[in-house]
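Two complexes come next, and they have one chain in common, chain A, joined by chain B in the first and chain C in the second.
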Partner chain A sequence: MGETTTILFEVFIDTIGYWWVIIPTIFLGLIVGGIPGFSAANTIIILMPLTLAMDLQTGLVFMVTLYCAARMGAGIPAILVNIPGTAGAAATPLDGYPMAKAGKGQQALAISFVSSSIGGLLTTLIALATMPLLARVGFYMHSVEMIVVMLFGISLIASIASQDMLKGLIAGFLGLMIGSIGTDVVYATPRGTFGFLELYDGVPLIPALVGLFAVSEAFIIIEKRVIVSHEGDVKTGSWHDTFEGVRIALRHWWHIVWTSVIGLIIGVIPGAGASIASFVAYQQSRSLSKTPELYGTGHPQGLIAPESANNGVTSGTLVPLLVLGIPGGATAAIMLVVMQYHGVSFGPSLFETQPEIGYGMFMAMAVAYLLMFLTILPLSRYMSHVTTIPTIYLAPMIISFTLVGGFVPREYMFDMYLALGFGLLGYIARRTGYHVAAILIGVILGPLLERYFLLALKKSDGDIMTLFSSKLGNVLWVALFFSLVLPAVFDWRRKRRELMGQQRKLVG
Partner chain B sequence: MKRTLNRRTFLGTSAVATGIALAAPQIARAAGYPDRNIGVIIPTREGGGADRNFRAFTSIWKNKLNADFEPGFFPGASGRVGYEVYMGKKAPDAYSLIFGNMGPEVLNWAMQAPSFDVNDYFYFGRVDTDPGCLFVGVESPLKTLDDVIAEGKKRRLNVGTSRMAHPASIGLLALGEETGADFNLIPLSGGKNTVAGAVTGEVDFSVLTSGSVIAAGEAVKTLLVFGENRVGERLHNAPGMNDVYGTDLPEMLSSRAFAIHKKAADDFPERFETLTSTFKATFDDPALLEAYIASKGTPEYLNYGGVEECGAFMTAMLELGAKYKPLLSGA
Partner chain C sequence: MATERNEAGRQLGGELVIPVLAIAFTLYFFSTIWNSPWTAQVSAFAVGGILLLVCGIFILRCIFWLRDGKATLGFGNLFSREDITTGRIGLLMATVGYSVFIGRFGFTLTTFLFLALSMIILSRGKRPVFITLISAAMALGGWAIFIWAFDTRFPRGWFEITMKAVLGNG
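Coming up: the complex of A and B.
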């Protein structure tokens, strides 16, 4: 134990010495994370020759920092202009953007930065302490269990639908239908592709994301002069607003802890990712809240949950990579390539033979989150001014940036047209009172649910009872049941108490 | 002096002009090819194995051809998008090639025909051959091939594969036919998930291209190779299927190769000859091995093949695909 602590301390000091890599990479990561379509994964691919030319430790510090910073950066446009930079930030605008519209963009950014940094830092330390245990999570979370996890996320549609049940469910089902476009996961039979080869792998996420959120938002804001509802509210932005955001976030420290742990656990599961984690965390946060009706209106807890969770995922994806050699996500898969290039062999022995690599990656993550907190937080004051830029400039910039973002992941012109199509769909949905988030949840989580469902059925030769064949799966089913039913029961009891209170007053 | 154009002069001049017009491109072709970069469609994502393999090989080939290669990545639909773009949008002028994987991508055609005639392109330069293999997670209760077969005779074993129409899947089905073991192929969408499936126990074991299995390191153990084990210990000295069971199954390979429009080879034979001769010369250059090792490829898998070898492999894949189509496509 003492020896491990000494090693960890040495590695920590060693990692601090890489500040000259970490600080510039933080800003690079914020930029690529903030531009839709770009991500840590494709930036590392683009910079691969540079990364391979660095010595291994420098390369790893660079990649890990980029990964964390990009994750945090994706939340900035999600909050300020309703454009999630990546699918992992898709749940962030649900409450972040209403705050920005209400002139509280600076507070929202501060909340996001604090939740992300603390969530990321905390889960990194938890991952370090419990790595052998966490690496086992993937051994228990198979297709049946993942079906239930997906349902946790998808049930958010019902929560959103609660404001207008029929429209919410129509939007959710539309999203699920769009998500089912593409070849089926078992026999690769094309469905609903309308003959477009570009749709064979399903509807690409980034064009759908930028179309539904950003392009439609651009169409909406062009009808106003600026984004904020009360013009001028943020023009006098001061440090006070930033500290208020920090205070709000710290007041909900326990919320940051448990939602980031959700992210950590989901991140550990190979194939799962930040988009699942943020929706599941948001759904759980809302279900367990005493004020679920405030979610979607600019409620701080609705912002803390997805931001803590998607940063919790970053440390989670490193665990199976280092312990088992199985990357937990796309960015971790590229790190694997770079590490293999340098001859790193994975497994528990890595922490004995090359502790500067094994522990070093987590330390790099911890140091990156620490430095991010210190370097980014002061910027929230200036970033929030985006919401005061006149929309005649902002809307064209949003449309052009996001269309390029839609193009980048696959470099198909088709994807730009698709983003425009989704933009039109999003605009019509907003104008007619349908919730675009409900559509997007279907588009993102629908294909994953279908994948796990078909795999479970294929493994059991079509026996539907396989869904209840695992102990852990059954525990999760029960948890899902209670997380759906209890809020409704609490809501009913609260309304009944209010009604009885009113009756007593009338009688009195 | 006044000149008049009579019938004789006209016909004579026309004949000379026509002759020059017809001969000029041939002269230019012979002298100038290639006078610009060669575009290469890669039907997978940038940064993957095909990309690294392509860059290593063309870093040597470009010196022989005196032209650079420009990759264009068109991933999607198991390679189908890239081939459709190549056949549908690229001019058949020998300035455009495709760098594909003859194993899984040709099997695709057997499952579902593309919009073009598969005989309208052909592979002319094989770069490597990477056999499929059967492997278990290190914690699997199935420790040996005998364990796998014995268990497969007792119950239906779930076997992970990157996709149904994959040479390794065919290898497994052939193993089942040979031994009577019952296997249920589970497509896990990609090599990473296929390794994870075996390691975490989502499936009983998996089959995959051996290069990806080598990369998985200590987490897995290989029990059988659907071809020849050219890397020995790195695949845990697993035997080849034909050696164990006396079968005559062709090697179930992932095999990357350059292909060209048939029309380009027919219309520009000199250009095609330049491509094939420089391709062969690349293999004769020791620098290729160095480039391949530097890109972290498996040097034992570098394996030259020309038009004939590629054609035979493509035919074998199409035949095997047709044979196993009901099992692989659910049709």
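Coming up: the complex of A and C.
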């Protein structure tokens, strides 16, 4: 115990020495995270030659900081212009954007930054302290449990679009079908590809994200001259608004704590990343709230939940990566490649043989969140000005810079056309009341669901009842059932009460 | 009463576009896996089956609403006169052009032309000089950050090649 504490202290001092890498990377991460479709993963890929040239520890500090800052930066356009920078911030606009429209953009940014920093810092410290225990969660998640977790995600999508659950389910399952495009994993049979070779590897996520969120939003926002509504008050940033946001966030400290822990736990599960965590946290926050009807109208708790959770994921993602060598997401996969290049061997022994790497990554994350908290808040004063940019300038900029982002990962012109196609789909969905986030989550989960489904069936020689063969899986099935039914029952009861109240008024 | 008024104003034509597209896509998907091994079919049939079921229920509900006069088959929530007056159609055409020509002319030049053209369309021809300047600044700024500084894999064209040669020789 004493030895571990000494090691951790030494690693902390060592990591603080990398401030010259961390601080500029925070700003870089905020910028790239704020550009939809231009995520931390993309930036790390672009800068990979540079990362490989650095010594391992510097490279890891750089990647980890960029990952955390980009996760936080993704909340900026989500709040200000209703375009999540990454899929992990897809739940942020649900309450962040209504706040911005109501002229509280700066408060919303401050709430987002405080929730993200504290949530990220807290979960990083928890991960550091409970590393051996957390690693075991991954051992219990087999294919059956993973299937239920995926379906849990889809049920949440329908609940999020709870004004019409049918539409939520249609959007979610359409996304799953789109996510199934590509060759099957066993015989490489092309399915639903329309004959395009570019789709044989499946639907690339960046064009889908860019199209569904950025392009469709750009076509919607031109209806208004500026993004802030006429009822909203476009205010110049002031310290008062910033501190008001900080105060609101700190007042909900317990909310930050438990929603970030949700993010940490989901982050540990390989494949279940920030997008699922943020929606699960949002839905749980709403379900447990005394005022669920305020969610979606600019409720601070509705902003705190996804922002704390998606930053809680960052430390969780590192657990299976370091202990099992299994990346929990795209960014972790890139980190794995870089670490393998430097000859790092994964597993529990990593923390004994190379503690500066094992603990160092978590420590870099903790230091990054600490420095972010100190450096970002003053910036939030200026960021709310984005909402005052006339849409005639903003919409074309969004389209051009994000559409070309769809080209970057694979360098296929086809991907830009695909982003445009998703943009049209997203536009139709937005205009007719279907949730674009539901479609995107479906696209993300589609290939994963199929992989685990096949694995479960293979193991049981095709017996479908294997889906109900695990105790943990069955507990999750019950939780899934209630998460699908309860919101519908509560909504029905609330609508019934409202109707009865109206009838009583009419009679009276 | 209020609820009834809302229902009567509901334009189901637009709302049915996504379910109809979903059904068409699912049936097409099924057609591509009909003679495939079971590993290629099982997940898609399960997911697609649920999607068809949900779409079917939605369409059935729409039929009931239409029968009860609570909704119409209009497309007003999807297409309107606003699409022309706001310049949305023009922006869409400019975006298609951007996607097509960026591979040939490169990021910087195409972005400048796209930004200038679409801003002029959206502003209905007002402030052309300002728009030209801001478009040039954005396109050059994008080139400086993404291509020159970070060597991002953006489409390259005449401008990028020329600048690379100039900076390489400088």
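To be clear about the criterion, the second predicted complex is superposed on the first by the 440 of 508 C-alpha atoms of A that agree within 3 Å, B and C clash if a C-alpha of one lies under 4 Å from a C-alpha of the other, contacts with A are read in each partner's own complex, and residues count from 1 in each chain.
In the analysis below, a contact is a pair of C-beta atoms (placed from the backbone, for glycine too) under 8 Å apart; a residue touches a chain by one contact, two chains touch by 3 or more.
Model, not experiment: these values are computed from the prediction.
Of the two partner chains, neither chain B nor chain C is touched by A:L472. Applying the stated contact rule after C-alpha superposition, one finds that A:L250 touches neither chain B nor chain C. In the superposition on chain A, no contact is made by A:A129 with either chain B or chain C. When the two structures are aligned on the shared chain, A:E198 is found in touch with chain B, with no touch to chain C. In the overlay built on the shared chain, the residue A:L403 is in contact with chain C alone; chain B does not reach it. Annotation for chain A, partner touching more residues between chain B and chain C: C.
With both structures placed on the common chain, the touch criterion links A:I222 to chain C but leaves chain B unconnected.
Of the two partner chains placed by superposition, A:V485 touches none, neither chain B nor chain C.
When both complexes are overlaid on chain A, the residue A:Y417 reaches chain C alone and has no touch with chain B. In the superposition on chain A, A:V185 makes contact with both chain B and chain C. Common to the chain B-facing and chain C-facing surfaces of chain A are residues 185-187, 189, 411. Remark: chain C residues 2-3, 14-15, 17-19, 21-22, 25-26, 28-29, 32-33, 36-40, 42-44, 46-48, 50-51, 54-55, 57-58, 61, 77-78, 82, 86-88, 91-92, 94-96, 98-99, 102-103, 107, 111, 114-115, 118-119, 122-123, 134, 138, 142, 150-155 touch chain A in the complex. Interface residues of chain A, counted against chain B in their complex, comprise 45, 48, 138-139, 142-143, 183, 185-189, 197-198, 200-201, 270-271, 320, 324-327, 333-334, 336-337, 340-341, 345-347, 349, 410-411, 451, 455, 458-459, 461. On the chain A side of its complex with chain C, the touching residues are 46-47, 166-167, 169-171, 173-174, 176-178, 180-181, 184-187, 189-193, 215, 218-219, 222-223, 391-393, 395-397, 399-401, 403-404, 407-408, 411, 413, 416-417, 420, 423, 425, 428-429, 431-434, 446, 449-450, 453-454, 457, 462, 499, 502. Across the complex, chain A is touched by residues 46-47, 73, 75-78, 80-81, 84, 111-112, 139, 156, 158, 163-165, 184, 186-189, 192-193, 195-196, 199-203, 215-219, 296, 328-331 of chain B.
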